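Lettered A, B, C, D and E in written order, each chain numbered from 1.
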Amino acid sequence: MLDDVVFWVLAVLAVASGISVFRVDSMARATYALAVSFVAVGLVLLLFGLDYLGVVVVLMMVMEMAIMGIYMIMFMGMNPALMPMSMVHGTRAAAAVSGLTFAVLAAGILLVDWPERRGAPAADLTFSLGRAVMGPKMLVMIAVSAVLFATIVSALVLALPRGRYDTDDAVDADGDGEEGG
Amino acid sequence: MLSLIVFLPLGAALVLGASPLPDAVSRWAWVALTAAELVLVGVLVAGYDTPADGGLGWEERARWIPSVGSSYHVGVDGLSLPLIALTAVIFCACAVYALREGRRPRAQAALFLFLQSTCMGLFAAQDLILFFLFFDLSIVGMYFAIAGWGHGGAARSALKFFLYTFLGSLALLVGFIGLYLAADPHTFDIPELVAAAPLADDAVTGAWVLGAVLLGLAVKTPTVPFHTWLPPAHTDASAIGSAVLAGILLKMGTYGFVRIAMPALPSAWQAWAWVILTVGVVSVLYGALVALAQTDVKRMIAYTSVNHMGYVLVAVGAAGLVASGTEARELAVTGAVTQMVSHGLITAALFLLAGVLHDRAGSYAMDDYGGLAAPAPRYAGFFAVAAFASLGLPAFSGFVAEFQIFAGSIGATWVAVLAVPGILLTAALFLRAYQRLFTGPTTGRAVDFRDLRPRELLSVGGLLLLSLLVGVAPWPLLDLIAPAAASVVGLVSR
Amino acid sequence: MHEEPLALLPEICLLAGAVVTLLAGSFLPRERQWVARLIAATALFGSAVTAATALTDPVRTVYGGTFAVDTATGAVRLVVTSATLLVIGLGVDELAGTRRESESYVLLLLGALGASVMGSTTDLLVLVIAFLLGSIPLYGLIGMLRSPGAAEAALKTYLLGALSGILLLLGTTVLYGLGGATAYADLAPGLAGAPAAALAVGLLGVLAGLLFKAGAVPGHFWVPDAAQAAGTPAAAFLTTVPKIGALVAIHRLVTVLPASIDGPLLVAVLAAVTMTLGNLAAFTQTDVRRLLGWSTVSQVGYLLMPVAVASGSAAALPALLLYLGAYAVTNLAAFAVVAAVPDRRTLEDFRGLAASSPWLAGALLVALLSLVGTPPTAVFVGKLTVFTAAWDGGLVWLVVVAALNSVASLFYYLRWIAPAFRRGGPEAEPDRSRTSASVAAVLAAACVLGLGLAAGAVLPLLDGPLTR
Amino acid sequence: MTLQTVLLVAAALFCVGLYGAISQQVVVMVMMGLELMLNAVVLAAGAFWWFLVPEPEGQVLLLVVITAMTVEMAMGFAVATLLHRSRGSDMTDTATDLSR
Amino acid sequence: MSAALLWSLVALPAVAGALLCGAGRRTDRIAPAVAVGTAVLLLGAAVAVAVARPAVAVPFLPGADLGLAVDALSAVVLPAVAAVTLLVLVFSAGEVTDDRARFFGLMLLFAAAVALTATATTLPALLVGWEVMGATSFALIGFSWRDPDRVGAGTTAFLTTRAADLGLYLAAGAALAAGAGFDLAGLPDAEGPWRHVVAAGVLVAALGKAAQLPFSFWLSRAMEGPSPVSALLHSAAMVAMGGYLLLRTAPLLAASGWADDAAAWVGALTALVLGAVAVAQQDLKQLLAASTAAQLGYVVLAAGVGAVSGGAAHLVAHASTKALLFLAAGAWLSALGTKQLPALRGAARRWPAVGIAASVGVLSLAGVLPLSMWATKDDVLAVVRERSLPLYVVGLAGAALSAAYAGKVLWIVWRTPTADAKAGYDDERPGTRHVGILAQAPLVVLAAGAAVLGMLVWPPVGAAIRTALGETELPRPSWVELAVSALLSVGVVLAAGREPMPAPRWAAGWLGLGAATEAVVIRPVLRLAEALARFDDRVLDRAVTGAAGALGAAAGGLARFDDRVLDGAVEATATGGVRVARGAAVADTAGFDAGAEGAAAAVRRLGNLLRRTQTGQLHQYYVQVAVVLAAALALLLLTR
């Protein structure tokens, strides 16, 4: 009973904040709204007893939003506090598409007769997760490590204008080169 | 044996292309090779006796891509053997003719040997993939032959030729794949396809497949209205290039009709025989009329090719009218194959002779010449013989072919009568051209025009002599062709 | 014991190669980066060799049924590694001595790794990770040039990739919920009685992700842009390697689906749409890279044909694998020619190529005619087998559409061939053509012909079972 | 709190995110839309795990989703930076040189 | 043995002729000797086979051997042809001076062709001889090729006769369709409608060669050839072979039920009309040409009414006579340099031998008692009278006309030469004022032939021939008829001396057959040409040049079309064809090419349309993805 109440509160919160992401007039606020939405969802996960994952989500997202804020200030040099923005296009089409999508999804969700729950959650979820990751799903984790490695390399390649070999003047030259294409 | 004939020139071409031989050596090496090829083909012909069951002689088969039912399968029969012999003859004549070629003779020798391989291979091929392979390679080779040794707008004409015929070949390929998919089990083997005759009971698909095949072959043949690549290609090609193009490459199209389209798609062929017949009649008259209007010797000869190939179409079209008598249709198909050989010999000779014009005076325009008979009597004589042979004068191969075609086709359907005026028009245009070029007072570039050189005499004379032999004693040749033609008619009447 | 690191040796080679290359690159002076190149090449070669030796291993799955060791896997590994080697070969001239040379090799290796894992995994989770592993290096490779065009291409690729990734995750989630598992072995029975609508959503999600990697409708938008704007090696890589993994992955997935929804039909329709769109869009392109980009889209259409009959015809898998190999080498040959003459970017620029560098022109001719599908080239055999499989699978209409497309495609390939073989225009100056790229081009062209002629020997090798 | 309800919420989140992804011009905002969609996926994954198959795989799936989210985010920033540096803009609309 | 002889009959002259032609100038000196020698052998062989009547055949085409045989008919004709050939060659040995190798070579080739034609037993064999005959005639008429006119005459002859030859191709096809095979003897067995086609084809071909109406005009132009050529081609050999073919296929004509009447009437009318034409001529060779056509009319008539023996006899007698006259004309031409009748006034007095010989020929031509053609003609007419009276009357009228033009020639050449006649000398070439012995000897022999060949219809020879041909029960001319025709001819010849002949324009201009052909053939062709030009305009809206070219061609054609009224019709046809062709050519280069381009353009447009989807707008990509996925979902759910 209590779960229901909490869930609904969180659900409304998640959706509302999700909507507000695109309503508020500053990118910073949008970021906060997004963070709130994520936290709400993370809490819902807690409701499902997924303590570990829920916490991970919350932490991860809070971190990410922080990064986003920093990013916006550092790289794009915009002052998040005072930056009125309504940079949108084709909102009508967007609304139509997403609305239709929701209609379709909702219809599906309600009309489909979902199968029965099979099996029961393990006693210690975190432990079972760990065993899965160390056991049958080991490959996933191995691959994830590769992914992280790739991400680091790739992100650096894209984000950093200067390679290891560049002295500063080289950077300038490089910068010009970039402007020129 | 057959593979040797097919691949000997190719190997020689590679050697010639790689090794830096002096020009003279490579010229004579080319002649020697073609001569050897001629001898080998002679052995081939001597060793061939028509198989009882309409099968193949000198058959060779090796696994190639078994999983797609394609194999290296070659063999000869009454349809292909004459054309193989023709190929050997014409290339030999070209080699002799080109003995004085000054422009990159080694490369030319290599290229033409390569071409010879593709032609031999095409006529020997008993597998659609193999057939198509040689079909395309011949296009590529001829492209370089025109672009490399042509004159005038050679590059452009060569490109037009390439694009046009290559598009056609792609349609052909689609048709082949249609055949392959329709056959059960899937195969590209021509004898198996013929035996199976897929799509016999599927009119719609059959029509489409036949349409694709016909399109490809019609472009190569060429028939109205797919012939527009022919005149420029001929006009700008070198003499031997034109000779090979008209003498052999055009035959690939018509050979495809009798080798693949008719036996493998009998019901569709019967259904569309009228269309083919009509196209043939149109090609005959149209080609002759347009040729009549030409003022450029080479263009004129080129258009007569359209006309002569039209006769072949008329014959094979009439052969599809199963309602009419078998004897007539067999005669028509025999005539068609004879016409391929005859046209090869005569037109090659004509193009070589036309090449002499450009060689001496650098022009093909009839108005630039007049009274050539005075300075060059031998040339005049040879041209007269070639012209009369080409207009179907008896005692030359052309008559043997055209008489059979007409008698057979008319015997099959009266519609073929419409094509008969073609020979009158051909006669008119050749006499007209001859009158303009050779008779009357000697004028223009005809003044002190050098008469034929020995190599030219030899090459052209050889071709005309063969045409005369076929015309006077055609039986040995027809004895070879007739059974095969009969079996084709039998197959298409299924 | 399901954990067999040895079974993953080729992948391990790639990963280790990537790490070592990065390390080496970070210590090497700028002009000595050829060492890094050497390491990368060695890693790829080692991976190829181990993959070849692994071909004879017994067919099985390892790591808890998440990774299949079978013919398809072997083929994917071989094609991916050799293709990447070829890419390095054709890219050397452009990459050598640049700021990011070693990183490029790292990213190439990682992308190859992603493709190879994606093609051989039998578990949705691993599939998702492989998707990321395949995509992320792509973004890097595309943007590496740092030109405005490259940046734009990277942006679009990224945003489309992100969306596709999300859809992939969504689909995975739904399928998990319905099937109760993520490993195909357990998924297949689990999905048997699943409600069709939900199943459709799940399938579409996963397909959307994989089609993005394959560069097929609806995930094709990034392909021409990236092909045009990215560096030539990157373009060559991203139009070739990711498709290999993605298509095999789709093939594996389709075989898992229950009959309650007509997945094959969907794939067939997508194939038809993709090939047609690619061909028609390629018609009036003037930039050769963009033209090649569109042509790869159309090629994916043909490649989807055997997938559509994956469960219907036994010939489907060999056909797919053969076509993949043929397509890879052919496409790379074309790109190698482009890389060899960097000054020629538009079709008109190629005027007179035959005169200035006949070998390159020949390679180009072979490559393009192969893309059209004329004997005796490799793609012809590929198309032939593919058409046959589709025909036997009952998709006659699709075969007809594909045949028409093939004929139509000839037009734009000829638009490229024609100027190349015309006499050079007045401005035809000698190319400062690049040696190793030229070598790669001729080599690849030779392979195209060789594969075409030796297809008879290759096809039987590809005819193996597909395990879960 | 049933499967349907949770999924409906997830669907709502998803479509909001979709709306954002389509309608926003600034790259970062588009990315937020995508994040939101991923958020929905997280929720759906959790729901499926809880209501249908409470297997460890489900948890791994969630883990994977989170990883993907992070990784995509990082790449997104990198690409946005690249765009900003090389084109001096962070709008998708201004990056339309490559078309047709 | 006799088989070998029969082969040699064809092979010998063919080989000798080919060798002479091939060898060229080098053999000019020996050419006449070789040729005459060959001709002697030929004559010997001809006589021998005429006696032995062998038949040979070798396989030639599928279902059609190359068969030669000598039957009663050819037994009569062959020796005559051989003899005339020999004599003409002897004459030429004196006449022809330059390029002899080519001349005699061609003559021998021609002789071979004739021999083949005369002995052929199958359609292909016949066609071989037939067409080679035409080709060699082209080469011989245009022998002096430096004069384009004469070559044109050759072209006219060849094209006209070949146009008629198409009939033989047609007949061959029809015979095959009717299952009659290619044997000439078997043609009457052709079943159904095809038989009529066969008959029509053969008839047309024969009429063309025999210069019967309406093909006669080519013979007029053929007179531009050397006289010996005319003597051989237009007396004994080529033209005669037309009639000969009909005699040979008389059973077929009869079997068809209509062709025989047609042949008979065409023959009779030709005899009448061309007789009138001959009367109107002022040029000796033109007169002789017209009379040739007219006389062959009797042969055709004979074939029509089935009087083969009479026809053959008339053929032979006419061969001898006409060869004689052509040679005489040739002799005068080379001596006096003219062949205009007024200028020839008194030519006979100058060289009596030639004069007398010619007179014998002329009288025989006139049908004067007891010379050959009097007998043979009446032999034919007797059968005609049995068949139908109108035909007989027409034939008799023709005979009167032949007497008329014969008389005209006779009187002129024996009158005393006047100054204005001498003024007409050398209008064609410088005369030698001299007739060699080599030229006179053959005339005498031929004159003898012209005199006595009438025996071919009298017993015993005539009877033998009739029995051989199985025509014993054919009616013979009664004394009355013979007397009537004799009196008629003598009367007309005498009358011809009195007042000058009428020379109406229509007759002088060979009935303006040229104009007629133009009306029938050229105008339609020109209409077609204009149609094609219009087609051009539609196809080549932008390519003004092409349209202009075609229009200009058409206009120029119409301009030239006027000053073409009496000129040779065949060139006109050709040029008409040229105009069609020119139109077609333009259509060709631009029309079909344009079509080829069109297809590609359409697809390209479609491509542009589809490329619109690649807007470069990312959010639109997103929307498209969503839409496609929605469509896919719908597809999946609908086809569930």
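Note that contacts are C-beta pairs under 8 Å (C-beta built on N, C-alpha and C of every residue); 3 or more make two chains touch, one makes a residue touch a chain.
All values derive from a computational prediction rather than experimental measurement.
Novice: How short can a chain-to-chain path be from subunit A to subunit B, counted in steps between touching chains?
Specialist: Step count on the best path from subunit A to subunit B: 2.
Novice: Taking each chain's centre as the mean of its CA atoms, which one is most distant from subunit A?
Specialist: E
Novice: Mind having a look at which chain is the central one, using mean CA positions?
Specialist: Per-chain C-alpha centroids compared to the overall one single out B.
Novice: Quick one: name the chains whose C-beta contact count is the highest of any pair.
Specialist: A-D
Novice: Taking the mean of the C-alpha atoms as each chain's centre, how many Å separate subunit B from subunit D?
Specialist: Going by mean C-alpha positions, subunit B sits 67 Å from subunit D.
Novice: Quick one: report the Å distance separating subunit A from subunit E, using the average Cα coordinate of each chain.
Specialist: Spacing between the chain centres: roughly 101 Å.
Novice: Using mean CA coordinates as chain centres, what's the gap between subunit D and subunit E in Å?
Specialist: Distance between chain centres: 96 Å.
Novice: Using CA atom averages as chain centres, what separation in Å is found between subunit C and subunit E?
Specialist: Roughly 76 Å, centre to centre.
Novice: Counting only residues that touch at least two other chains, what does the list for subunit C look like?
Specialist: 125, 129, 132, 136, 139, 143, 146-149, 154-156, 159, 163, 177-178, 180, 197, 201, 224-225
Novice: Taking each residue of subunit E in turn, which ones touch at least two of the other chains?
Specialist: 611, 614, 616, 618-619, 622-623, 626, 633
Novice: Using the touch definition from the top, which residues of subunit D touch two or more other chains?
Specialist: 14, 18, 21-24, 30, 47, 52-53, 55, 57, 60, 64, 67, 71, 75, 78-80, 82, 85-86, 92-93, 95-98
Novice: Who touches whom among the chains?
Specialist: A-C, A-D, A-E, B-C, B-E, C-D, C-E, D-E
Novice: State the interface residues of subunit E toward subunit B in the complex, per the touch definition above.
Specialist: 21-22, 24-25, 58-63, 124, 127-132, 135, 138-139, 142, 145-148, 151-152, 155, 158-159, 162-163, 166, 169-170, 172-177, 179, 182, 573-574, 577-582, 584-585, 588-589, 591-593, 595-596
Novice: Can you list the subunit E residues touching subunit C in their complex?
Specialist: Spelled out, the residues of subunit E in touch with subunit C are 600, 603-604, 606-611, 613-614, 616, 618, 621-622, 624-625, 628-629, 632-633, 635-637, 639-640.
Novice: Show me the residue ranges of subunit B that touch subunit E in the complex, using the header's touch definition.
Specialist: 164, 224-228, 286, 289-294, 324-325, 327-328, 330-331, 334, 371, 373-374, 377-378, 381, 384, 388, 393-395, 399-400, 403-404, 406-412, 416-417, 420-421, 423-425, 427-428, 431-432, 435, 438-441, 474-475, 478-479, 482
Novice: For a test of understanding, state which residues of subunit B touch subunit C in their complex under the given definition.
Specialist: Touch residues, subunit B against subunit C: 63-68, 70, 129, 132-133, 136, 143, 147, 155-156, 159, 162-163, 166-167, 169-171, 173-174, 177-178, 180-181, 186.
Novice: Would you mind writing out the residues of subunit C in touch with subunit D in their complex?
Specialist: Counting only subunit C, the residues touching subunit D are 125, 128-129, 132, 136, 139, 143, 146-156, 158-159, 162-163, 165-166, 169-170, 172-174, 176-178, 180-182, 224-225, 228-229.
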